[in-house]
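Each of the two complexes below includes chain A, the first together with chain B, the second together with chain C.
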Partner chain A sequence: MSDDRRVVGTARSAVFSTYDRLFVGRGRLQQAVIGIVLLAAVGLVAAGLLAPQSDAGRLFAVLTADSTLAATLRLSVPIAFAALGGIFAEKSGVINIGLEGLLIISAFVGIWATDVTGSVWYGLIGGVLASTLLAGLFAIVCIEFRADQIIAGLAVWLIALGLAPFLSSVIYGSKNSTSVDTFPTLPDMGIPVLSDAVTAPMPVVGVAPVDIPFFGALFDASPPVYLMLLAVALSWYTLHRTAFGRWVEASGENPKALDTAGVNVHRVRYAAVLLSGVLAGVGGAALALGVGQFTGNGPTMVNGKGFIAIVAYLFGNYNPVGALASTMLFAGLDATQLTLQARDVFQVPTELVRTIPYVTVIVVLALFGRTRIPSAGGEHYESGEDE
Partner chain B sequence: MTQTDTAVRLEDITKRFPGVVANDNVDLPVERGSVHALLGENGAGKTTLMNVLYGLYQPDSGRIVVDGEERDFASPRDAIDAGIGMIHQHFMLVDTMTVAENIALGNEPRKWGGLAVDREAARRDVVELSERYGFDVDPDKTIADVSVGVQQRVEILKALYRGADVLILDEPTAVLTPQEVEDLFDVLDELTDQGKTVIFITHKLGEAMHAADDVTVLRDGKNVGTVDADETTREELAELMVGREVVLDVESTPPDVGDTVLDVDALSVLDDREVPAVTDVSFVVREGEVFGVAGVDGNGQAELVEAVTGLRDPEAGSVEFDGRDVTDAPRRDRIDSGMAYIPEDRQERGLVMDFDLVENGILGSQHGAPFASGGTIDWDASRTHAEDIVEEYDVRPPDADTEAVALSGGNQQKFIVGREFERDPRLVVATHPTRGVDIGSQEFIHDRLLELRDEGRGVLLVSSKLDEVQGLSDRLAVMHDGDVMAVVDPDEIDEEELGLLMAGEYPEGYEPRSERDAEGVAQ
Partner chain C sequence: MSFSERAHDLLGRLVRASAFERFLISTSALLLSVFIGALIILGAGRMTDCASAAYTIAVPGKFVTTTLPGLVPGVVKSVLPGGLWPSQAVFAMGFCYDPFAVYDLLFLGALGDVLNNPLNSQFATTIAETTILMFTGVAVAVAFRADIFNIGVQGQLVVGALTTGVVLTYVAPPLAGLGVLATIVLLPLGLLLGGVAGGAYAAVPGALKAYADANEVITTIMLNFVATSIALFLVSREKYFKDPESFANQTVNLPDVALFPSWLFRARDDVSLLAFAFAVVVLVGIWYLLQHTPFGYDLRTSGLQPDAAEYGGVDADRTIVSSMTLSGALAGIGGAVYVLMVLGNFQTGVPDYGFDGITVSILAGNNPLGVGLAAFLFGVLKSGSIVVQVGSDVPPTLVGVLRGLIILFVAMPEFFRMIGQKFGSFGRPGEPVATDGGSGGGSDE
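Let's turn to the complex of A and B:
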């Protein structure tokens, strides 16, 4: 009896502490928004369980479908890599809004190098090299020649936006490249996976058939997805636990402090920006090699992912884990939208769904405003010059 | 002894910047285990000289000798390696990082073959170091959360952590409270007791004499003398600093007062936290007099001035300027009708730091004659105006195209004073007009204020320097806790009585302010 009571008591206190964390000490508007989001979530789950045939129920089914997580992870790869790159650059004080351009150039070169060498992995390396080269150019212009970072970043985007389709036209006779191999799956590479065991449907007692949501896809993804998860962990570690990470933070917060501590600020910033080129390069090449083709019409196949990446890392407050979480939120919305259209549940225009990341970030920043931009972000630093 | 007695010797250091010779053949010998003060006016080249020693600047000529060995510092890293540490006036700390992280920055102990910072070791070293020198510092606090005094200790620890034997402190007392200043001097004693050498930069005579063993005075980039602190006098040091006898007291003639210029009636003002900062204050300022407001900083003076100048809306009461009620009038109205304002924070409110002096010179008058007409600015007239200010107020470097940010604090202040005085004002509201300004400029600003008074203009002077406010004022209001305790005759009250009033107590013979005090001169 008393055990039961204790369980109930623990549950109660858990509920209350969650309630406290969510609502106490917040303004009325914040409480209202949190309340609406919670209600909507509860409503969705209820509908999914009780009325699977309603619109809301079908939406729940889509959200929890195995393929949704698979698509989310796949769509996250370029955004997350670009976001990680953006974090390093901006934390060091160089705002790199050219991430979009880095994704585009590495997407194209990734395909071309694969085409030439016949290996997806050489293709990946080629993409990374191209992106790093372009990032290096950006770094020189910003750090050595004191160009405005925003303008230089826009130039990086525009250069890549013009150059990649142009090169494709020259080499392949069309803005779209020929098709090449895509990444092999893990079993193809001889690595055993758990996915078969996990994705097998399990009976859930007393409830209508619901697949084990989500997690199957984690064990059945393509190599770039694992690279992404690894990169997030490594980035977090590098930023928070290594001396280089501390220098990056100091370089963006108070470069003079770093300089007077005897560390060369320019070198730290070069390293951070080049690193952003490497990371974005993996993202761009992975994007193109996932499809097996570079498509260069209009905004190219990258189509704004570099800009969403900026939003993602701001939203994640420069924390790699936070950036991954917000990337997956945005990519998840996109994946849901794709599935919804495929299954003909709601007809939500793609364009409208694409605005969701930006709208979300404005709402969240306005209401919760926790993103702290590095104090010296965007400012040039020169040793020996007074502030 | 195996080591020389001289810890650091600078020989014939010359450092030029475009248009200025910041250091001109400076020699500086610093004895081991001593506190050496580098004294001089703003812009005398003290900080430049120390930046040379710290490797931030490379000298155009001259030698740096540390421990008897000639050195060439290409960067601070070289200076650090030679055992030199510098604590800058603006702290070089990263707000978002902890005390321990800041101290170890650039010198992090590593583990796992360099792949990780050994945070435990860093923390342990910091604790050990701060205990050895008797510092009270929590290594895990974030810099943003600790007081300025603690931040300064973190800076000192940072230098010691890097093995500094010679510590350079740039204007270390500028940001400290009087109590913290005493604590700092104790820290300096502790450091020299343990064999460290300290060089500190200051423009305050008293501090140099009080805390230092030797004092070197710089003027216009030259070493004009190194003296023993125990054997010198204030007058000697002051003379070395400015190059002539300074009259430390201000001479003033009796006022010749005219009509009322400013009439403040029952004014109440809230501060940023919506707490009453000024309660029911009334006074008048008349033509041809200096009305002083004395008090410890933070007793409502700032809010009072903001309400008078139109920067803050009062909660109650009225401000009448030149016979007109301007309580709700916008700031521009007051500027246009002749209210000049020397703000407390020159970088925040007095200047646009990225603008050059031509642009800064017309701030506040940019919308009308003689500098603008029909929406366009007459840059020729503006330039002439700025050049006139620069010349008349001795702003250095004498170049109207200099950006405000490139001037030293004292020169920024002189430029603001010049701009405001040249408005041909009916009333000058001056808050701490000589804060952070060298003695020569102080004297100059005081003289100009009195000249304006003698020309029949009104002056409202707020200052926390007692000698200044007492010496210049014709009538003196003492503020405490948002209230005017009394309006007194500054020539008759002594410092002790003033001190009591500022502390909120009435000395014998004084009574709570009456209507009569507010309306006229205390008879």
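Let's turn to the complex of A and C:
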């Protein structure tokens, strides 16, 4: 068999398996929507290449701008971290709807701790501690005192929504904090070999990695972006390849079996919820430290990202990689609307463009929301042994 | 049987009665929130700077609420200067905020001088806030009874308020000359518009939940963001509905005949006893609807036992959509009342009535009649937060913290049951309490 034929064969099977994943076993409506989205994507690329002056062509230019990928990565950080946290908590059987609150509290404490210590890294740690503490409170309330998880999660959100602007007003005299340092990007970090390598021209092509069109943004990002990619990989490994991952799964699917096997269900759930606090804390602190300020008016600077994260992991079917992909979709839409606003290409009103990510979340949830939540999700589990 | 045994037996029996238990849990949650809130006020008082401490804790000694020079926060531990309680206090700490003073302003300030002048303007604000919270509270309660979490009451209220404000700017001015007659036509029309708009906006997540399994918590929260953005879009542009003569994002002021009459209160207090009475009637009406009509029965059973309800012939999907629509309509009417009683037009930046409604409903055990009481309590908090803002340095967002704490504590009845079992003797198994008929411990374990 020649190499050519093998390559063609691999490509064919790749096409078929993609086709299977996208279309087989789905309802008419889902198939139609997926088809339309695919066609639109192909049309957009074609217009971008063939007719750059048309509306579709200009939209393609916006989508492929360096700043769009950079913004997508930046905006993905809080959503992806919260989504990872949500996966651990929900897989273990505790639905953590309070992710939004964890993001809010860690965003504020991240700024405050940076302001006090003078270091963004201590700020990040401060944010993580605050978020983990609040997650711990949520865990105690749900696991020890059998609270309704949805209501307790809403309470976590509302507590943070009140507490963060309150503390900001106490400390800074306004719901918005003062400005602090932000995370430097990779080329500015002064890491001995790496920082130089990404800005120096590569030997063969003669272009520095940061100057690569579109993908250059990957080498010009701030530490939280790389932490996010690392966290996704580690979460996937933890969930699918370690004993703890299996315990988390069993704690949500069949807690009785886990109990019988001699593993303490409550302890697994505590660990999972605290882990969701740690992860969401990184996301919230990174969000605020990317901007350098906490803004606490209305829904605060978090602005629903915690709830979008929930949809992201549902859409990603509780898989960290899938969650990252759907996070990038929502963040990408947000980045596109930011670039659209900045360039003023189409005369679209900003208020309406801003609703695009939220509307997409609703559409995605309506079309693909029928995911199977863990069978013991939302239920309290009481071990029988101390009776 | 001794008196205390008798009392415990009675208490035990009462606690088992679920309505009373709910009341106890709500009250305990409230007190616990106020206590934690006091700790937060003290903590916040250490994080800010002030010339002299407003509140001091000295050990050993007692809580002192006088200003002590030299105990400025920032010094973690200071020994009292000589002359004040010599040799008694070895440790003293000053705080910039005095929690007792703050709560005094918050709870009593909201009432104003109500005994001498029941029509004072602070009490008027309290009544106005209570009125709107009755609508958002009962809106959340109706959905909750059907086991639906309507977190979108805020958005539905905004849409209702927007619709009422916008449509009436076209309908009301031509009728302005008709006097009372115009009010009789315009008021119900305004409320109807708000109700229809809010109901339609809530029907969307209802239908998505019923027919596409989309979690209503997420969809309603997303729709809150959408509602705020659409309102801002429509009211910030003169080519749509912005008042061209105002710098603020708002619609044209409605003529007075379209608004709720102020009656006893002064017009500038933005309150109406008519609106308050209407809210009371709505609460009673919803209570009757839930308890004594077939629709209410269907709604409650699908909330408690969805499978049983379906087996009994209830169309579960339709019940979801109709209870969401009813819930949204109530929220929308609340928005209309906000426009017709408080604002006189529509403005962006609507206060968090929807989120407060969640707390009101949960505190009331999702009982429409209880909502009245809980709404008054929250009306006091909202109105009192203005007094706190004026009368102290404590940020009024404190009320937002209390709101979350109350929900958290009401959500964990088990906590209070455990405490109750530890400190009261009722319901404790194995306790040889001489009860008359053996109705006590054991039967409910």
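By definition in this document, the second predicted complex is superposed on the first by the 307 of 387 C-alpha atoms of A that agree within 3 Å, B and C clash if a C-alpha of one lies under 4 Å from a C-alpha of the other, contacts with A are read in each partner's own complex, and residues count from 1 in each chain.
Heads up, the rule we're going with is that contacts are C-beta pairs under 8 Å (C-beta built on N, C-alpha and C of every residue); 3 or more make two chains touch, one makes a residue touch a chain.
None of these values were measured; they are calculated from a predicted model.
Of the two partner chains, chain B is the only one that A:262 touches; chain C does not reach it.
Contact comparison for chain A: of chain B and chain C, C touches the greater number of residues. In the superposition on chain A, A:160 contacts chain C only, with no contact to chain B. Counting contacts as defined above, no chain A residue meets chain B in one complex and chain C in the other. Contacts from chain A toward chain B in the complex involve residues 241-243, 246-247, 249-250, 253-254, 256-264, 372, 375, 383-384, 386-387.
Across the interface of their complex, chain C is touched by residues 97, 137, 141, 145-148, 150-152, 154-163, 165-167, 169-171, 175, 298-299, 303-304, 307, 310-311, 314, 349, 351-352, 354-355, 358-359, 361-362, 365-367, 369-370 of chain A. On the chain B side of its complex with chain A, the touching residues are 51, 54, 56-57, 75-77, 80, 86, 88, 90-97, 101-102, 105-108, 110, 114-117, 119, 158, 162, 405-406.
Only residues 40, 44, 47-48, 149, 151, 208, 212-215, 217-219, 221-223, 225-226, 228-230, 232-233, 236-237, 349, 355, 358-359, 362, 394-395, 397-405, 407-408, 410-412, 414-415, 418 of chain C touch chain A when the two sit together in their complex.
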